[in-house]
Amino acid sequence: MIAILKVNNIVSGYGKVIVVRDFNIEIEKGEIVSIIGRNGIGKSTFVKTLVGILPNKEGSIFFKEQDITNVKAHERAWSGIGYVPQGHGVFPTLTVEENLMTGQLINKKKSNLDFNLVYDYFPRLRERKKQKAGTLSGGEQAALAISRALVGNPDLLVLDEPTEGIQPNIVHHISDIITKINQDLGLTVLFVEQHIGLIQQMSQRCYAMDKGTIVGEIQNEEVKNYEILKRYLAV
Amino acid sequence: MAIFELIYQFMNNFSFLILSAVGLAIIFGMMGIINLAHGEFIMLGAYITTLATASGVPLPLAILLAAAGVGVFGLIVDRLIINRLYGRTLDSVVVTWGISMILSQGILIIFGPSLEGSSTPLGSISIAGATYSTYRILLFFIAIVMLGIIYWLFMHTKFGLYSRATMQKHDIANTMGINTNKMYSLTFMLGAALAGLTGGLYAPTMAVSPTFGSAFLMPSFVTVIVGGANPLIGTSLSGGVLGVVNSILDILWGTFYGRLGLLVVAIIVIRLLPLGFSGLVEKKLMRGRGI
Amino acid sequence: MSKGLVEKSDAILTLKGVGKHFGGLKAVDNIDLSIKKGELHCLIGPNGAGKSTIFKMIMGVYEPTVGEVFYNGKNITKMKNWDRANLGLSIKMQVPGVFGELSVYDNMRISAQKHMKSSERDEEIDNLLRFLDIIHLKYEIVNNLSHGQQQWLEIGMSLASKPELLLLDEPAAGMGPTETEFTAELVQKLNREGVTILFIDHDMDFVRKIAEKVTVLHLGKKFAEGTIEEIEANQDVVDIYLGNS
Amino acid sequence: MRNLKMKLNTENVIGIGLFLFLFIYPLFVTPYQILNLSYFISMVFLTLSLSLIWGYGGIFSFGQAAFFGVGGYFYAIFTMNSGISTITPIGLLLGVLVGGLVAGIIGYFMFYGGINDVFVGLITLCITVSLETFMAQTAGSQWKIGTVGLGGYNGINGIPTISLGSFALADVNFYYFILIVLLVVYIGLRLFVVSRFGYTAIAIRENRERTKLLGYNVPRFQTLIFALGGALASLSGILYATWGGYMTPSAAGLTAATLPVVLAAAGGRKNLTAAMIFTFIYYWFSQTLSASGNEYALVILGAALILVILFVPEGIIVSLFKLGDNLFFNRKKATQVKAEGEFT
Amino acid sequence: MHLTKKKTKNYIGLILTMIFMLLLSACQSAETSTGSGAGGSKKDAPIKIGILEDQSGDFSLVGIQKLHAAQLAVEEINNNGGLLGRQVEIVAPDTQSDNKRFQEMARKVILEDQVDVVMGGFSSASREAIRPIMEKNKMLYFYNNQYEGGVASKYSFNTGAIPDHQIGTLMEAVIKKYGPKVYTIAADYNFGQISADWVRTETERLGGEIVGEEFIPLGVSQFASTISRIKAADPDVLVTLLVGQEQSSFYGQWAKSGNTKLPMATTVNMAQAYEHKRFDPPSLANMYVTVTFMEELGDILPSAKEFVDKFYKKFPDDKYVGMEAETQYTGVMLWAEAVEKAGTTEVEAVIDALETGISYDGPAGTAKIDPATHHAVRNVYLAYADKEHKITFPQQWEAVVPDWLSKEKGVDLTKKDEFKQYTPLD
């Protein structure tokens, strides 16, 4: 198999404060991989470094065998990284439709059919497509953020705590849809999460993170093992 | 008579405020940069128009040339200087102050203290026994059309969509594949081009000199302050309100009170609504839809 | 202080039907909460459940959209946040609320000078820094400190204000086992000295170790409340917070 | 307290050197140069006032020129109405108080109204320009306060210099008077910024919301420090008025409003010494250029400011201080005492 | 990006900036040091004139003309062997249309450059900023400019047109021709206020009536409401006393409002800032102005033509030779005559010489100092611009004496020193 993403020994943080260090992961095409860990151990910092909002001070990132270490955030998006930010990060005064249009920028096919695709996944968004995103509920905002990333037709979907602050039934719905997209389109998914249910449901493989670095890898059946996951989440 | 008079006054004030402010508003609203060289950008537009008409270019074309020329100039300034200051509002004050000094003195050195102006075109029309300058009335409609075009540009084009996204959350917009630095450059260029357009439009009605821009600076700042960050909603609303205040005070008590009135309204508005009219409107909009 | 036990009957802090709405989002939805004097109370819940928002409403950073907040029986819903601080409320924020460009000493002094005589101030600061084991960093610029050290500093700043009710938003976040242990002891010690403590944390070991009472929040609502044993036995809590097995 | 001991670093060495130089300066130069330097010094107070409220209090203001004008006009109207030279020191003190009071009132409305950051800049800009607009139209004979006509755009002329008893301060005496005032204000400010109040100001600058949570009534402190800045700007205006016997509305114009901001930013706004030194350099430089009649004067000045911000964004003088610290003083020590006041 | 680069990068920038600034200041001080330092021995050293004119900013339009006129006059004096056998040298800092700068530079030329006389200033505000400095330093000061009149000061001499010359004559001409109803718009500052008052006084004296009076703040460039008020008042004559580049926008806007039939009367336009050349016709159609000189006077006066030709020969790029250029030129020449007569540049002696009633046959005829008021007796010409902005001179007044100060206010500077400005508002 080909590694679609390879992260080698990156070091990153805010200003002089180093949050992520000696960080290594490798993801193969078509996988759904999660990174788990408690709050405040650098999961989001890693994701921001991966998508290019934060510069990595050391190490390298390869995406589709291209070195993107020094590539700017918008060019990383163009190369096929779709991003769902923590707290959803929708543009509050843009309408649902406009939010989707910003996501569509990087879709080289440029067809609006994708809108119907995501509206089919999340019918609530179709009903509210003319509404300002800031007026949506938390679950709807999460759905919108995911849809916005999907309409860009990315090769890799990166989600930063997609279920933060949303109801369990929507969590299930979202995980079903992501799994389905993964199966339908062969989309590679990397997500960061602390919600054990979602981790169990979705991930095929799982990295455990603590103190800014990867401390373990959970594979195969262990991914479904509540006790093992819990151990990593509540060190 | 009085009612026509008042309408004409308002049209005049409104177009003057809108046209002075719109370039400044776009740059301030989108980029958070206070462009103290705004007046000089307008002056540059006036020079381009006047020089072009003097060499035989028809006025409408000369005005467009001013917009294009100042736009390109803005782009150069942005690439050389401003792009290093994105997000540093206060440093931009110092730098644009320096730019304005260089521009007004540079123009004085090159073209001398004054330029032969061209006359205002289009003559005048009579309504109810009083005559009004047709060009001035035209300026009002140009201001309205320009607001329309800006509305279309920001609300119905890809450029507008991406720039609104950038304005709201530039990090996230960046990760959506939007080259935010390029958006900022284009925005600065657009703001400069609009300043150039304003200079071109007013060149035939005013004395053209290196200090041409200073007449615009105060009204433009007041309009932007009252309007707030949203260059469209804010500017048109504040242009409207200030236009009414200015016209009424002007007619009742004279030019000085019209001018002072602008400043007082600005102080009151910013005290009550620190985010200006656009802050108020956006809040209402979010709440209205939310329920 | 010599009081081994403090009267726990009367509530020091009461929230009545408090809610905070952002546009269409109800970050906190109709919460009733009562903290007794001398209590060591913990708020838990998934990210985005509204815990930090509640803290901000207690401190007056946000004004509640609905409901009222009482402190020692006094309605403080609309009180300015500095007045609340002077009533004896103190907070350590989630994102370290330290002054990054100043030195550790400066940070401590800003907090301490409000509550101490200047003759005792510097000595007290040294004592606190020694207590927190960051005395060697006294003149270091805070931005150069590690995340953990900044957390310590902020706890120190809270202590310098000699609080009556201390709000700690994830006091042990980003700390290793020994540090967490130390923090736990520190919190308990403070509590024994009479400081009422309300804290948020995700680390269940930490919570289990010190919390006398736990309130679980979910989607902005109060989901469950009780002792740590009761909470851990509650299957619904396990479902929403720790997930299904 | 060990806190008040002077530290050996470039800033303090240069600061002391500067004052020593200023004290012996009259021995070597012409009366004109002494007079001219008195003018520079009177403008230093204006920059210091902004450095105080912006650099230390985090309040960005275009209003210092307005308080400069308030001070100058108040002094002129007060002393010229009384006509007694012995009253001038009282005029000076009252003028400073009035400037502080006006700033305090404006500050009260802004800070208690929750206005901050760039909005303070915008509102004070409007206030400054309003004052100019108003004063510029007072040419008519109806604009008289007591016996003193406001004079419109021509300004007020014949403002008396400060007299101590029957002894009028002029030339070298005026120079030493103003220099001693500067020294007192400078030392006062340096002590102020390491005082309890100064620490509060710095805390507010660094993080307003957090400072509130530590129990500080932030709007009150902001109002106070803004008033203090207003008083200093007013002092500057009064000294300028006595220097030239003249006060003009253009002292509160758009250019006058932006100049202190430019000076504080380019010199290094978080450092009083830097702001002071850069003011001297700027006035000297711009006056030299103007005196040469060189048509490129303003172009050069503009270019210099742009270069400063692009290449040394934290301020040119501050950067030089740091360079000096690295070269001549133990770097470790230098960074250790990085309390903003540096009197530590 | 730039923000994250190493410290060294910062220092390189810092050092580069410093070097740039040092280089600049080095050039500057080299340049200025040649100018100063010559104050010591007076025997053979050149005589110095300090010329304070705005070479940049709002008033540079006139300021540069005036500087050039002074340079022309000094060149002629030097070509004729100088003054008292010494060369004359000009010290001309740029006052940048900034009144504070005027103060600084006035002190500099007096104390540092030790000039023998100071000339200059365009706006009243700039004159009032420096006049006290002249008085304090007992420095001879020539204000070679048209203004609102009334300055009675031992050290000040004014060689330009004042209301005595311009307003009585102007109002007489227009009221006689068009009728008694007068509307005045004036710049809202001292020049405008005082001149407007003069217009009122003269109009009433001539049996006319002021039907409207409006003062426009400096810097205003939009005149729609003013124009409508003028129309509503329906005057016979519109008097405009506007100043500055912004206010001159009035005329274009006025012409476009469609009412070019109403005659305008002014004391400031055309002769100073050549609006009739800069604005397309018919902006200033039907305008009357009383002048002591303007370029077009060359059409009827050989001496004027000669002056204009000389001026353009020396400064071929200049666009106009206006009233203030001539006044400055004549002012320098009057001073030179007085110095020759006094045999010294010593201020009191030169003042005494001037107070003998020195006269000079200048480009616009004879100009003579009126000893009692320190103003100049001048010929006054009524200029008229038609629809094509062609200038004609329908009327002229010979040797108008500026005697308001002496007659109304009893000023006689030969007998009693004074240091103030009288206004009709007092």
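Labels for the chains are A, B, C, D and E, by order of writing; each one numbers its residues from 1.
Operating definition for what follows: a residue touches a chain if its C-beta (ideal position, glycine included) is under 8 Å from a C-beta of that chain, and two chains touch if they have at least 3 such contacts.
Just so we're clear, the structure is a prediction, and the values are computed from it rather than from any experiment.
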item: From subunit D, the most remote chain by mean C-alpha position; value: A
item: Identity of the chain that, by mean CA position, is farthest from subunit C; value: E
item: Between subunit C and subunit D, centroid-to-centroid distance (C-alpha), Å; value: 43
item: Between subunit E and subunit A, distance of the C-alpha-averaged centres to the nearest whole Å; value: 73
item: Chain centre separation (subunit B, subunit D; CA means) in Å; value: 33
item: Sequence positions of subunit C contacting 2 or more other chains; value: 23-24, 100
item: Two or more partner chains touched - positions in subunit B; value: 84, 105, 108, 214, 218, 256, 259, 286, 289-290
item: Shared interface positions of subunit A, touching two or more other chains; value: 92, 134-135
item: Subunit B-touching residues of subunit A, taken from the complex the two chains share; value: 51-53, 72-74, 76-78, 81, 83, 85, 89, 91-94, 98, 101-103, 105-106, 131-132, 134-135, 148, 152
item: Residues of subunit E defined as touching subunit D within the complex; value: 10-11, 13-14, 16-18, 20-21, 24-25, 28-29, 31-32, 35, 55-56, 92-96, 98-101, 103-105, 107-108, 110-112, 123-125, 128-129, 131-133, 136, 188-190, 192-194, 215, 217-218, 423, 425-426
item: Complex contacts: residues of subunit D adjacent to subunit C; value: 1, 3, 196, 199-200, 202-203, 206-207, 209-218, 335-340
item: Residue numbers on subunit B that touch subunit D, as the complex places them; value: 32, 34, 36, 81, 84-85, 88-91, 93-95, 97-102, 104-106, 108-109, 214, 217-218, 221-222, 225, 256, 259-260, 263-264, 266-267, 270-272, 274
item: Sites on subunit D touched by subunit E in the complex; value: 30-33, 35-36, 39, 133, 136-137, 139-141, 151-155, 157-158, 244-246, 248, 250-251, 255, 285, 287-295, 297-298, 300, 304, 307-308, 310-312, 316, 319-320, 323
